[in-house]
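One chain, chain A, appears in both complexes that follow, with chain B as partner in the first and chain C in the second.
Showing the complex of A and B:
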């Protein structure tokens, strides 16, 4: 879910085509995603992908109280600091994650499946 | 637009020549004079330099995809020591463990290069039997993770230097910071430790072996047994990706054919049979003749800028070589991207602030699969050209193409390159190298590694340039055009069939496991292995592979743990405390494995 990609048919097509066979990809803007996820809970396993902690916050504040969140990668950009492997975050993003953690969301950092994941709580004090 | 084919081919040939030249230098270098089995300091240095080469940008992306593979590493170390045949066989043996090895998203799960270079040097230099190579090399591969983190962290400093050059609009400076500054550091952390470890380690291995031979010969048997079983781990790791969907029966077909042939099949022939089966499978399930609906917009864009094919090619060569030369946690391939754009920026922009802005625009975080991802660069070059010609294209638009496509292209690229092209080509090269008998061959055929080098050069360069040029000509729609054509899907399905088929065959030629357990029942000799053989030849190797596959795929057991358990079981199981029979049929104590 992403407001930009949710309005970009080209990127939606690319994401759909790039997914491994057997997976369906639906792209929504954040508001639409909130609607869909809260009103029509799917019985199949669904993976919710977001680009930024800001979106994760909007989802949580919008009433979808998930209890686990994995960070797979946040690219470095001006204002963001490298925190773990290829994951970077800005002050604001770290604060959002810390806040979500305080609300009981278990936050992990895992960039590639199969590796050992790192708990955000181990990093929280240091970044 | 005139195509300078000469330049294209010169660059390609140059890379091969460079590689062959290094082989020639090594051949001309003094080989061990005193004893056959010692490794001189000079030879150790060359081994270290080769390991650095494998991680370096100097071979047009054939470093990581070719030199880094144990098959090639073993061959090169064999050349250094004047024992090519053995080197090829050892390399192929070690490579079994890394057939399913994938490095994605900047992770390095084990280090095939280190296992290959150092492992072969220790086995050859220490005078160890080839059959035991894998048990020595496998733990070495785990050490590579240490240098990897160091490299990724330290190289995170360099982008900040490049930022300063970009500020000044210094194109050459940005390029230099990508391809030069990291290299002395990489040389230091790769070549030097491997040189010392190869030199000192081979002496240590040599004296340890002497001690074992004198005091605990069963440890040797343990190393053989462990090596034969570790091959099963290598195959199971591959099966974790291959053994799914409706193509799994081909694994058993490949196994049975090879098993019936007594394990002595020419794997190139088998690969051709497999390819035919794959074609038939795709024909029946996907329909090869039916083309999808003609993709719109496939026509080339009208050339509207000052860029020539030569400029686009120059940019590609920079990417091909230097995409990872300053790979780091902070920006990943960001510097490689900026470097590849330098010929384009130089041609398109003349004002200092435009140059500076363009450099900064491309120095940001970027990470994709370098060959398949080149379609992104092509599209970005087209956007830059339009922008320089006056079109309204914002920084955001260019960034959106880069960040939007890099993930999907990485996923597809890693599946195609690391999941299909490399393992299948390697498996064929390894089989040619060992005549289909990896575990037991004591001398290898140099044609195997040569087959791999040449095939990879053609596939990697061909695919990379093709996509780069398509990206430039069609713009970003090239991505959807190519994905929608359906060809890619057919290739993936077909490769799944071929991959399963070959893995089945490899179980027979790579994995060895048999038992020496025997009992004397009422005066009749009863060998347990005979019972297994009467069910099915190679039953134990097959069961072992399936067991490890189940642990990996269904129980999420880590490969490292499995590796440690295998080595422990191999060595401890070889302690002669088990019931067995000697040739005369009298009861003796034996190790578990026969």
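Showing the complex of A and C:
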């Protein structure tokens, strides 16, 4: 879910084309994704991909109270500092994650499959 | 002569160019853009735009390491340009084939021929040699 890609049919085709066989990719703007997910009775086999913690918060605040959130990689940019491996975050993003954690979301940091994931709770307060 | 731009995770693209030059000799009009661990899709896109700005409007073949992933996500849009073709799954035989056949071919012709060359270069030697 992403407002830019959700409004870009060409990019949606690019992403869908490269999906592993048997996997369906649906791309929505954040508002549309919220609508679709809220109206889907079984979400057990749905993986939600987002670019930023801001989107994760919109999803949560929109009423979709997920239990777990993995941070898979956030590039460095002005205003962001490195917090773990190739994950960087701004003050605002760290605050969002800290807040989601306080609401009971289990937040992990795992950038590459097979590695040991790091609990965000181990970093919170130190970053 | 068609320009070649390799886009890849880490330095795979740059290394493929070095390897191909060991065999086919120095090559011009070949560029490599590396996605580094500290890059975001945006910063990688800026690097790619920087390279493409030099060869704007010219016949260009973009070779992408993986069918999927950030280099693919960022570079795929370029195929909307009339003079640009994109091929994924780049390997050394493809780069070599290109360096030796791009003198009088269009990007579109080269894209088709190296897609085939790339597939044909993959062999499982055990069964082939009767082991």
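We take it that the second predicted complex is superposed on the first by the 124 of 127 C-alpha atoms of A that agree within 3 Å, B and C clash if a C-alpha of one lies under 4 Å from a C-alpha of the other, contacts with A are read in each partner's own complex, and residues count from 1 in each chain.
Operating definition for what follows: a residue touches a chain if its C-beta (ideal position, glycine included) is under 8 Å from a C-beta of that chain, and two chains touch if they have at least 3 such contacts.
Fair warning: this is a prediction, and the values are worked out from it, not measured in the lab.
Novice: Who wins on chain A residues touched, chain B or chain C?
Specialist: B
Novice: Counting only touches as set out at the top, which of chain B and chain C does A:125 meet: first, second, both, neither?
Specialist: neither
Novice: Regarding the shared-chain residue A:112, is it in contact with chain B (first), chain C (second), both, or neither?
Specialist: The first partner, chain B, only.
Novice: For A:21, select first, second, both or neither according to whether it touches chain B, chain C, the two together, or no partner.
Specialist: In the superposed model, A:21 contacts chain B only, not chain C.
Novice: Touching A:76, do we find chain B (first), chain C (second), both, or neither?
Specialist: A:76 contacts both chain B and chain C.
Novice: Could you tell me if A:104 is touching chain B, chain C, both of them or neither one (first, second, both, neither)?
Specialist: neither
Novice: First (chain B), second (chain C), both or neither: which does A:4 touch?
Specialist: In the superposed model, A:4 contacts chain B only, not chain C.
Novice: What is the shared patch of chain A, the residues that chain B and chain C both contact?
Specialist: 10-11, 14-15, 17-18, 75-77, 85-86
Novice: Using the touch definition up top, name the residues of chain A that touch chain B in the complex.
Specialist: 4-5, 8, 10-11, 13-15, 17-18, 20-21, 73, 75-77, 82, 85-86, 88, 111-112, 114-115
Novice: Where on chain C does chain A make contact in their complex?
Specialist: Of all residues in chain C, those touching chain A are 37-43, 67-69, 72-73, 76-77, 80.
Novice: Which residues of chain B touch chain A in the complex?
Specialist: Contact set of chain B toward chain A: 104-107, 109, 152, 156, 245, 329-332, 334, 364-367, 400, 403-405, 407-409, 411-412, 415, 476-477, 479-480, 483-484, 489, 558.
Novice: Note which residues of chain A are touching chain C in the complex, please.
Specialist: Contact set of chain A toward chain C: 10-11, 14-15, 17-19, 74-77, 85-86.
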